[in-house]
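Pasting in a structure now, in structure tokens, and then I'll have a few things to ask.
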Amino acid sequence: MDPLALDVAHLFAGGLVLVSFMLLYQDRMTGLINIFALHALVVSLSVAWQAAIQDAPHLYITAAIALGVKAVVIPFALHRIVVRLGIHRTIEPVVGIGLTMLAGIGLVALSIMVMLPITAQAGTLAREDLAFALSVILLGLLMMISRRNAVSQVIGFMSIENGLILAATGAKGMPLVVEISVAFSILVALIVIGIFLFRIRERFETVDIHLLHEHRGEQP
Amino acid sequence: MSGSGAFALGAILAIPALSAAVLALLPDNRTSAQLNALASFLSLACALMLLVERPDPGHFLIVDDLNVTFIIVSTLVGFSTSVFSASYIAHELEVGHLTPAYLRFYHAMYQALMFGMNLALLSNNVGLMWVAVELATLTTVLMVGIYRTPAALEAAWKYFLLGSVGIALALFGTILVYLAARSALGEGLDAMAWHVLVANAHDFDPALLNLSFVFLLLGYGTKVGLVPLHAWLPDAHAEGPTPISAVLSGLLLNVALFAILRFKSVMSANPAALAPGPLMISLGLISVVFASLMLYRRQDIKRLFAYSSIEHMGIVTFAFGIGGPLANFAGLLHMALHSLTKSAIFFCVGHIAQVKGTQRIADIRGLTASHPVLGWGLVLGVVAIAGLPPMGIFMTEFLIVTSTFAREPALAIVLGLSLVVALGALLRHLNGLAFGEPRGHSDPAKASFLPIGLHLALVLVAGIWLPPALVAWFQYVAVLLN
Amino acid sequence: MAVILDAIVQLGEMLVVLVLAPLLAGYVRTLKARLLGRRGPPLVQPYRDLLRLLRKEVVLAHGASWVFRVAPYLVFATTWVAAALVPTFATGLVISYAADMIAIVALLGSARFMLALAGLDVGTSFGGIGSSREMMIASLAEPAMLMVVFTLSLLAGSTQLSSIAAFMQGPDVGLRVSLALALVALVMVAIAENARIPVDNPATHLELTMVHEAMILEYSGRHLALIEAASFVKLLLYVSVIACAFAPWGIAVSGQGFAAYLLGLAAYVAKLAAGGFLLAVFETSIAKMRVFRVSDFLGAALMLGLLATLLLFVSRGT
Amino acid sequence: MTKVAVYGFVRIVFDLLGPPSWWWGAVVPLLGGVTAVMGVLYALMEHDLKRLLAYHTVENIGIIFIGLGLALAFEANAMPAAAALALTAALLHVFNHSVFKSLLFFGAGAVLGATGERDMERLGGLIHRMPLTAFAFLIGCAAISALPPFNGFVSEWLTFQAILLSPALPQWLLKFLIPAIGALLALSAALAAACFVKAFGITFLGRARTQVAREAVETDRWSLAAMFGLAALCLLAGILPGYFIDALAPVIHPLTGANLPRQDELDWLTIVPIAQSRSSYNGLLLFLFIALAAGLGAEVIHRWSSAAIRRSDPWDCGFPDASPMTQYTAGSFSQPIRRVFGSVVFRAREEVHIPAPGDVRAARLHVQLRDVPWDLLYVPAARLVNYAAERLNRMQFLTIRGYLTLVFGALVVLLMVLSIWQ
């Protein structure tokens, strides 16, 4: 693992965390979808780079899937949904932007602190990669919590999936099974989300989770 | 590796998969219901055959003592639920809740769920287990949303979001386990096979293992319904069709808990790592206390029993957290008996909801007067689930409380108190439901009482007499879990 | 031979008790009159009263049942047996092994039980007043008495009154604070039980204040004689218990010969006189309490008794 | 039925739990003492005959547990003989209580059958209509109030003997606590006597307060036979306690490892718990003596005094024929005791409503008792559970975002624990 390869991998992982922060920051729907496309692009680049370093050809397939599905198809579908739902205007996150950012930084610090005791025995690359992957996951979770809109929650969830891909590919030599399953889950998740969004759209004229809340089975 | 063992192993996976595909094409309800029941019966037969001969663990599939118990329980409950769902779905069709198109979808999804759960239980590969649990979750998400009512959709959406987050965390945990194993075992499939992991867990990196266990506990804990992560369970149970709630709380919770147990055995094999006990104890205890208090204000009968499932899963997690052969034995037995009792209760509740046309507890009164069999079935089920003496659950709860008392008396007192609180709530609701004079409209109940009777009989027998072979075998597995 | 001798002494003791009881009551009555400046009735007045009552006819209320007619005999019998158990001038009596201090207190309790029932039997409000107040007083007096019994028996190591008297004569009793407390408690209980002045006025028939008299309001003729005799014996019993427990000198031990018995008798009569004198002086020097202050009075007696028992461990210093 | 609980307690504590620690010997008798006094005070405040008997069972259970507690205390300090005595006292009381309490319940049942009424305020004068039931009930009342010739006194006497052995115990707390418990026991015995004077007096004696009481009719032969059988058993157990104590010996020996000295060889059938010098009680001799004295008295009086009897109106200090309502009722009978104990135990409040002068309406006395243990023990627990259930119920109605926050919070907390812990 010559140092150059290590640095490039770190570059991609760091870039992914940065894009996650941008996702947190962005409060406009169309902007959000474009940044998510960028997020998927960075992930696929990092996977491709991992494939190059570990000369594991199957990773290229994952990179291609990630690029094709998550960077192109999903953003395009989301754009059409958003336009049809007419909600491309601003979506105000529940908590102020400043506070979310602060929480995001705290989370990254936490994931690094958690990763420190991991001994060198597990390989330096693995340690940093995991720290970044964990941060992306935590940021994705934070985004799902701080957004009212179903679409933005789905985007948050998919950024978590990207974090997972980063972690999976970072683990050198993980058998192929895992890659396919991750891809498989993205695919299925998309379909399900699509059906739901469409269905929700049909029922309540809006995608705002909060309004959905009123239709709970058991009232207080 | 005898031929029939491998054949049984292969069959138990192939049957549900094939029947799922076939059922997706069958338009007619009656034949698909019968095929569904037949497929479940065949998988039960294969499970029993597995009990006799056991193939050696392969790269992807393993049959050891731990998962044979789970397989038998899940195939048994799967079979009885399929028998129950035959009459339930027939009634739903008449009432018009379901259109024939969705019906095909329902039966196919049912068998796909069975396939997912069997695969999860039998898989030797950590990643494969994750995929199987993911498949089972997705099928149940679709099933919960099958009624298309706003409440069902909201419940399904909530279940999907929370489930996916849980699964993501579990995947991250799985990756961490692989990383920890890779440094000791080298790459490849070995680093993810259970029997290999457990064998040399002692020289894994303890810090990585701890982190992985945190993620796995939270990830699969969401599927088990432990308290901070339980939110999807009551709504998913209440809004989905009753056979699904029975399978959900009977089997899916057990499968997720099975996964946690697998990882706990890996964790505890490594002395340097953080002891998994305290984490499980705290989560289990919080779940028991929280769920028993939540029982009081419930207005929906299915949500009432969903919270009771959370409580019992809390008790089982607590028992495994306490550890020691007696607690493990009681935990395993409790899990099996709970899935039998809870599915029996949901069978009753399903028919009651159909007969009374509502799930609101306030509108269901005097069941023993209007529908004696259903009413008394519910009474017996609630008596069993509340842990009253003649039934098996009392014995296991008693064993758990006494073994806790031996180790940490303070916890035993808290556990005992919350069990009593839960008992109070359940009996209060039962009193309203089963006795008094009947109210609200009630059509005649045409339902198959075979599954209810079978399950409750098994639980009653377990309460009174346990075959020595079963006891010895459970104890062996308990020691396995240390 | 010794058994017959003891039997004779026992019989003698029972007769002595029966004879001396009215004398003691008469003595106290005349002494009180003398202290108040009156001549007072002759000493033998109680005997005359009893004989007069015996000769009069019995007037029964319409509502009176067999309980009303049987009660006097039972009350007299239990009180007399209780008195017979208390060693007056000689210890080592035949039947003293049949019952100990606790049994004596219980016998008095059963006498009171029958009397209270008899009070309620006729169905007038005064009977009710008498019985309910008597039971209220008893509910505090009996535990206080038992506490005194505890103190004495813990000290003497036995509940037999005769062995307590023997222990008290012995050298190692010593002066103890718990014994003093027990004595005060016993005196207070004796006053309450015998319906003496501070608790209840034996001479009055004032409806609102009487307790003991209210219960026997409806009795007449020979039944009233029996009940009066029983109350005299009860007074004598309490004085002899106090004498036996706290002033045991001069009690003849069984088998010492005739002279010892005479000496014992003389000492006993002297003690009775002293007790009667003290009682008379006390009664003339204090006014009657309100009925509901009696519970505080007896509560104090109970506390003193309990304190006496507890202090026993301190003062003994073992 | 309560005896099953006593059996359970004895079986678990003496058999299963192994050597007791000494403070059990302090807690159990204290609890027993408090139960005894509270039980009898509840019974005194009651004017429903069967509830009175039920509450009174509470008192007897208290006495039984005083005996059991003492046995525990002695066993903890390796005094088997004393422990045997205390346990014999407790078990004998269990037997006695089942005998006289069932006798009393038969009597109450007979009264209920005859009058259809359980409230003592509406009974009275039943002794004229139901003499045999009254006689059996009287024996039951005497037995339960621990009066000498009957069996109640024997077990209470044995319990007192056990209490008197307390100074031999080394622990100071026990030395001080057990005499106090003796006081509680004595208090409850005296109150029991008061309670059953009220029960028998108000129900059977006096004049019938209602028409129903006037027309009561004696119960059938069978229940009377049962009652008299039990009454005879009460007397028998009271007179010959030695045999009953020996009958208990095989039970006591395995539990405490020691036994009371054999009672039946002793002369005159006296019972001696520990030593002859210490204390002994002879029921038979006492009973014969009382019978002799009463017979002698009756004989002497009948010979010398006039035997004339005349019936007339009750004297009643000269008041003309007072109506049955002027009689004492259950409430008024227990009023002095309520005033003494009630204010503390039941926070009793009495309000008297005297109508304005010139107003014909009757004055009304309203007594308000509060069940203190119920208020202090059960109500707060129920309120706590309700409060917690109410607060937690909101957790069911959070938004999806709320639940995700929960999951996220749990994850962050665990990660922090992990990082700090390592």
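By written order: A, B, C and D. Residues from 1 in each chain.
The rule is short, and it goes like this: a contact is a pair of C-beta atoms (placed from the backbone, for glycine too) under 8 Å apart; a residue touches a chain by one contact, two chains touch by 3 or more.
What you see is a predicted model; the values in this text were computed from it and never measured.
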C-D or B-D, whichever has more C-beta pairs in contact: C-D
Chain located farthest away, centre of chain B as origin (C-alpha): C
Chain occupying the middle, per Cα centroid: D
Whole-Å separation of chain centres (CA-atom averages), chain C against chain D: 28
Geometric centre distance via CA averages, chain D-chain B, whole Å: 52
Averaged-CA centre spacing for the pair chain C and chain B, given as whole angstrom: 79
Separation of mean Cα positions, chain C and chain A [Å, integer]: 98
Multi-partner residues of chain B (at least 2 other chains): 157, 161, 165, 169, 207, 211, 234, 303
Where chain D touches two or more other chains at once, by residue number: 393, 396, 400, 404, 407, 411, 415, 418, 422
Residues of chain A engaged with two or more neighbouring chains: 114, 117, 141, 144, 153, 212-213, 216, 218
Every chain pair in contact, whichever chains are involved: A-B, A-D, B-D, C-D
Chain D-facing residues of chain C, complex: 54-67, 73-74, 76-78, 80-81, 84, 95, 97-100, 102-103, 106-107, 109-110, 112-113, 116-117, 119-129, 131-133, 135-136, 138-143, 146-147, 150, 153-154, 157-160, 163, 205, 207, 217-218, 221-222, 225-226, 291-292, 295, 299, 302, 305-306, 309-310, 312-313
Residues of chain D that touch chain C when the two form their complex: 124-125, 127-128, 131, 134, 138, 142, 145-149, 153, 157, 160-161, 163-164, 167, 172, 175-176, 179-180, 182-183, 186-187, 189-191, 193-194, 197-198, 200-202, 205-207, 268, 270, 276-282, 285-286, 289-291, 293-294, 297-298, 301, 304-306, 308-317, 319, 322, 324, 326-328, 332-337, 339-340
In the complex with chain B, residue positions of chain A that touch it: 114-115, 117-119, 121-123, 126, 130, 133-134, 137, 141, 144, 150, 153, 157, 160-161, 163-164, 167-168, 171-175, 177-178, 181-182, 184-185, 188-189, 192, 196, 199-200, 203-204, 212-213, 215-218
Chain A-touching residues of chain D, taken from the complex the two chains share: 393-394, 396-397, 399-401, 404-405, 407-408, 411-412, 415-416, 418-419, 422
Complex interface listing, chain B residues touching chain A: 125, 127-128, 130-131, 134, 138, 141-142, 145, 148, 150-157, 160-161, 164-165, 167-169, 171-172, 174-176, 178-180, 182-183, 186-189, 192, 205, 207-208, 211, 234-235, 238-239, 298-300, 303
